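Several structures are given next for inspection.
Next come two complexes built around subunit A: one with subunit B, the other with subunit C.
And then the complex of A and B:
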């Protein structure tokens, strides 16, 4: 069972109280971008076996969006952090490194 | 004016705990910066209660103030007092980035009483209902089976639960099944 802690209200609940919002930290290419960038933004997603970063919404609770770093195989959650970031904060990366040395995800490690 | 009526006309059920639908209650949703002195004063002037900490509910004789999210409160009061409360809040919060809306008629409210209330809720919602984790004075927004709800304990052995009025019959049905005699789990809450 996937158990997440909402960083906005502090509630820890299992995944049915939340709703997944897809991959985190996408760059939204819009006007003035070229076709390849827009194509990648629309269609290209990571599908890792292991460390992954996602957006989640506490849909039955406080209603806020947040980010989660987790393992797609074991459902271990390395941490959750606010939605108002464009990349994972240092303490989340360190928490992942402690559990999964040598991890990498979209150029992050 | 037409008489306010609750969604189910005050249905009751006696299982191993009592389930009852409560009469119409005044409810006002207040959104804004919960840390702002203006908002805290407005809530205190209206209800006589302080803005609760995250995940808490403060209760008075007629009023209650429930923390719904980092920028939202639910104010409970007598049904007839809600329209006036909105006017008062809007006047008090003029110039602040805040919003007060009356939602009394959008909601249904239930009360569970009896020593097994924790079990009845635990069967329906993904909430740790053990005495150590969930105590009177806390509020939890969650789901009961398939619909959104908020619940708190005014005191031990009593749970009050708010849901949308449109799903009141569904929620009453759920609570009935969960509270049916013979359905005691004996989880030792």
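And then the complex of A and C:
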């Protein structure tokens, strides 16, 4: 059972206080997208062994969605950040690079 | 024969005899006994029978690792199967029965399995019972059922109480032996908050039994002193009878405390589950002795050398008058010495090592014990009890050198560190060649949120089996735990000085003798509880089950309630030998919590009966209860299903409620209906994304029925939306869907359209809502007085805010029944008063409260869909003929793109129609309409299914809705619906609106 810190209200709490929401930083594709784009948006998910960006909601707390950067193997949490962003912010990327030198994701590092 | 010795027993109080019953026999033990020590003291070595072959079995161990001595404990509401006699503390009036035998423990019919054992090899379930098919019913299944299962399931509700504790500490120390005590003291002296738990009822672990000395004192005295010191520390908590059950992510751990198992009838909870968050977890869980694999090693009287020693030292019990000791290491000589000192005969120590042992071996010889070097027990002899042992050379194939008469055999195959807790959350192991054991790999611990290891193994659990090393390692572990948490370890004092004899190296022995042939291997047990022998594991390897995880499942090695505590390493070594590889290459199976079985009661804690889950109550719930409503669960609500009167059946009550409503006036508590406010400058735009309809064009004061889909196009909820003002909408949702719909809205607002100015509020419980339904509904509202409800000024799908009967009310003219109908929303605090007022004013109209079933039948009569009946997560609005509620003008809404996918637009998708049985009966719910032909699996093809089905009292016949291939184009066709019993019901495809097609009743 993980421990996460909600970046909205600042509470550090047990996993049971949160609800996982799958992969973060998906781009929504609407009615003007083609079949492949929509298919990928709806069904295709990364499943990395290592650094991963996830959506979480502080469901039994402030109710806000946020993102967590986490290692799926060691369970290390590099940081959490508000969901109102399309990519991991600089300080999160730096925190990951400090622990996983040479790391990169969608051209970011 | 086992018996009570005249002297000794550090844990028992001979002044306090305790009476108990075993298989109906009245026996006596002493306070401080375990059930196992008491039984042995009473001469009862035979305690159970094995799972597969029903072999007679006695205890092999003296603690948590025991595989054989499982009993049914207690009676009635306190009956529990599979309790280990070795960890059950004796108490006055204890009642136990042995398991897995018929008709009696001494004479068991199933033991015939032993004779058949060569026909029951590894994987026999898979091989033997394949065919022929008819044999299953008459031969295989009865046989398996008769012989399968350990113990009996309880039949009565648990009479005890259980609880959970949430606990936070800096350092959790698991294990109260000398290592755990010392690690806890190091951490405690540094000021850390420490929780120390020990699974047994006593501190000190094995050290007091082993007879070594610490700081010039007997280990027992040293333990007493350090416990006193720890008890004086305010930052240290100590718990006996509390097992570290599991270690999980980020320093989470479970402790299982048995509070009153030994004090039946005492106040307070029986078990307590500790839910712990610790900064560091020190696992000082010790080590478990391994059996030796020789033929007949499961005969009652063959046990671990440490167990034989424990029974003598701790409980003053001898396991036999003539105890042969067989070993591959020095530790077992301690047992020989203890037994000799107790006045028992030790005919020999059979040492597999050609060079023999060290200091302890010399002491044994000095005590007059015969020591045989390089020798093996080729075979234990005896049936229900050991009678002797055939001695051979360890290097050979088992040729008899001599036979030694004995009535017990104490064996030691070396020690395995208890690495379970280290491994639960991903800690890795390394193979120690010299010690022939897996030990924690300090470079690969389980890691926490900060990426650092959070488990530290200490002492024997870390592979340090000698007392001096154990103490040094434990002190280091305690200091490391606090320094890793940022505290300063207390200034290192002198390490406690251990006085223990030097031990000679162990010699790995995985089969005794080394060259044993099949005959001997097929009598050498690895897993006692599941009856897995050396020959079974070898056969599995030969048949290609080379992966340890496959071999485990094929043979069931380590899959019994003891989870292979004694058998795993011996099994791995056997597999490795057969595969011609090294043990670390074979690897271990996965260690999973809990360490030993914990009670269901402890897991449930307080969550049972009334406190199982919160129940949501409407403001009118008391009235429903007083009226004798029959309730049904809807989410966490309990809604009245119907209100039976004077001996009515539920069906009769529902019919009466419908007749009264359609004939005059019905009242429904609709407070559970979801009510979500969506407000803000961008609310209209957001509503257009949420619903398939165009909601932005809805005028204030008007209502509109809307559909809500998920992003993959499926219909997820429906309800009436009322526009409050330009920027505010009130969304009604289904009763069960309010919370998930609100979460759905928030998810989209927070994670996709976070720049839109909208906020939402779930106000479901702020309002009581009452549906006033039927031809006289307008009249009763007029009697209450206030809001003008005349037909001209208050039209269908209007809503108004005002005062009604003196209460501030939102009044909606909407209908889910086809009747003239209103819904009143009033502040929750006024709900009961308004309900009572409606009943009073409606008395002259025969106002009749109705429940959810009448609601469902009336909506089905009108062909209205119900989320959860007509939808199941695979249905889109277009399937239900709801195209009229899907905007063609909007460029986007949630689910729109998905509904354009080829499968969603497929004309072959089943569509909603009405179904009318030819004979007027009620179609079975969920029944399928069959089509011509069969599919690839030989099953009848299908062309539709029933989604809702009821008896309509209004029409006096069965009505149904269903999804049917090309349904709307096949009006009048008759379909066949086979029932489970094979009988076929025929039903005609009809329009889904069965009653008042033109809506004349509601347009008045």
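The rule we apply is simple: the second predicted complex is superposed on the first by the 105 of 109 C-alpha atoms of A that agree within 3 Å, B and C clash if a C-alpha of one lies under 4 Å from a C-alpha of the other, contacts with A are read in each partner's own complex, and residues count from 1 in each chain.
One rule holds in what follows: a contact is a pair of C-beta atoms (placed from the backbone, for glycine too) under 8 Å apart; a residue touches a chain by one contact, two chains touch by 3 or more.
Treat the numbers as computed from the prediction; the structure is a model and nothing was measured.
In the superposed pair of complexes, A:29 makes contact with subunit C only, with no contact to subunit B.
Look at A:13: by the touch rule set out above, it reaches subunit B but stays clear of subunit C.
Shared-chain residue A:49: touches no atom of subunit B or subunit C. In the superposed model, A:63 makes contact with both subunit B and subunit C. The partner of subunit A that touches more of its residues, comparing subunit B with subunit C, is C.
Touching of subunit A by both subunit B and subunit C, each in its own complex, is seen for residues 14, 63-64. Remark: subunit B residues 54-55, 68-70, 72, 126-127, 140-143, 148 touch subunit A in the complex. Note for the complex: subunit C touches subunit A at residues 248-252, 277, 426, 447-451, 711-712, 743, 746-747, 750-752, 754, 891-892, 896-898, 900-902.
Within the complex formed with subunit C, the residues of subunit A that make contact are 1-3, 14-15, 21, 28-33, 35, 38, 42, 55, 57, 59, 63-65, 71, 74-77, 83-84, 99. Residues 8-11, 13-14, 16-17, 60-64 of subunit A are the ones that touch subunit B when the two sit in their complex.
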